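To keep things simple, chains are lettered A, B, C and D as they appear, and every chain counts its residues starting from 1.
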Amino acid sequence: MEISNSSTPPTTVTQVFPGRCSSLEKIAEFVRTAAQQAGLDDFATYQVETAVDEACSNIIEHAYQNTEGEIICTCREEIDRLIITLQDQGQPFDGSNIPEPDLCCDLESRSNHGLGLYFMRKWMDEVRFEYDPALGNKLTMIKRKEK
Amino acid sequence: MEISNSSTPPTTVTQVFPGRCSSLEKIAEFVRTAAQQAGLDDFATYQVETAVDEACSNIIEHAYQNTEGEIICTCREEIDRLIITLQDQGQPFDGSNIPEPDLCCDLESRSNHGLGLYFMRKWMDEVRFEYDPALGNKLTMIKRKEK
Amino acid sequence: MEINTTTYKRCDLITVTGRIDSATAPQLSDTLNALMEEGRFRFVLDLSGTTFLSSAGLRVLINTQKNCKRYNRGEVVLACVPPNIHAALDLSGFVPLFRFFNDVITAVGNI
Amino acid sequence: MEINTTTYKRCDLITVTGRIDSATAPQLSDTLNALMEEGRFRFVLDLSGTTFLSSAGLRVLINTQKNCKRYNRGEVVLACVPPNIHAALDLSGFVPLFRFFNDVITAVGNI
């Protein structure tokens, strides 16, 4: 399913993906295309792709815990920003209170976890978690266009 | 000085070079061109180039012993062969009786000398040394064209 | 993702082409673990053809680096890291934990 | 002839472009001797761009190989040897005295 309206902002495209790791590449392509069409440069596009990949990986692993489920991905281009929303019906989750990982330089004591949310926060301009018992989790991530 | 006659065999080109190591590259070019024009393939051309380089290096090092002198190089293409002659006014030399080097496989006992004449003999079809008190040394090397 | 492994006397060269994400990172992890089980702990990772690296891939890198450096028995070094991926490594604080080389020969020669 | 030297932790990569004949072999010899005087005895000779090798060059190769292999301290290996030059090495009986590699990375990784 792909819904798209006019070609000048605001433009909205939505696609539904099975909540499986094998969807990640297709989700990346979908989001990359939207970011490019929104005029983001290569690095900003890569940042968006990373944030979405991390968010979807968490949905698959933590929210659905590797059981069946869907991820609804919407990319909305506004004049000055790209807004990505990811919706799932998995376990409710609010990432806002999860602390930043400790990026100490000592190899042995470095944790190998906690980078996903960190990438999302650092590389997107806004990250918002919402939960609605009827609609499920809704994660909104915003990338502003360069002025 | 370059003398050349008609373009179908027999064809003869002659060039005189200073008997110095810095001439070797130019001699190689001269001989390579003659070999290519005689229709020799790349490897046969490389073999001729090597034999001539070894012969001229010996003239420079041993016959002239690094003093001044000339090398007269003549390339004569006949229907079935390329004949190269090298003439010098250095110390008389007849290489026909110099034995083949010992190519034993043991690194420590391998001599680092004696490969020059060996290359000339192995890669040319005929190698002939002549000495004339008036004309000096004349080395003739023949490479047959492939049938 | 495609993984190519070349075993040298001195080290193994692992060339990873394509995406390293949650779907493919386990395959990279398996490859490296299998080599470490054979007692091989010097890895040059050629990332020139790697188009994407997520935290799942970073996890494999850090785990392997920890394992290799233990007992001073080896090291993971990174070669030909594309700018986007370098930015991800940098943001994660991984830059001080790995040696980086601009080309594979230099990496293989210096590991 | 042009000689380029790259020093790695493990070895030196010597790239020789052009002709190695009586005129130029001394320069190659000087380069290698200078490195050996610094205590470096592992050489990868990249001959991909070498167009000609006479017995003067062969002499440098064998002298350097003898010097490097003494006391088991090193080795000369040959990389990317063009067919004509391989034929000369073969005719001279040098093939059993050197290890040959088809590419520089493999040579650097295996020396």
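To be clear about the criterion, a residue touches a chain if its C-beta (ideal position, glycine included) is under 8 Å from a C-beta of that chain, and two chains touch if they have at least 3 such contacts.
Everything quoted here is computed from the prediction, not taken from an experiment.
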Between subunit A and subunit D, the fewest steps along chains that touch one another: 2
Subunit C and subunit B - chains in contact with each: D
Most widely separated chain from subunit C, with each centre as the mean of CA atoms: B
CA centroid of subunit A to CA centroid of subunit C, Å: 26
Averaged-CA centre spacing for the pair subunit B and subunit A, given as whole angstrom: 74
Cα-centroid distance, subunit C relative to subunit D, in whole angstrom: 31
Full enumeration of touching chain pairs: A-C, B-D, C-D
Footprint of subunit D on subunit B - complex, ascending: 21-22, 24-25, 28, 42-43, 46, 49-50, 53-54, 57, 60-61, 103-105, 107-108, 110, 112-113, 115-116, 118-119, 122-123
Subunit D partner contacts - residues on subunit C that touch it in the complex: 6, 8-11, 13, 104-106, 108-111
Parts of subunit C lying in touch with subunit A, wherever the complex brings them together: 19, 21-23, 52, 54-56, 58-59, 62-63, 65-66, 69, 83-84, 87-88, 91-93, 96-97
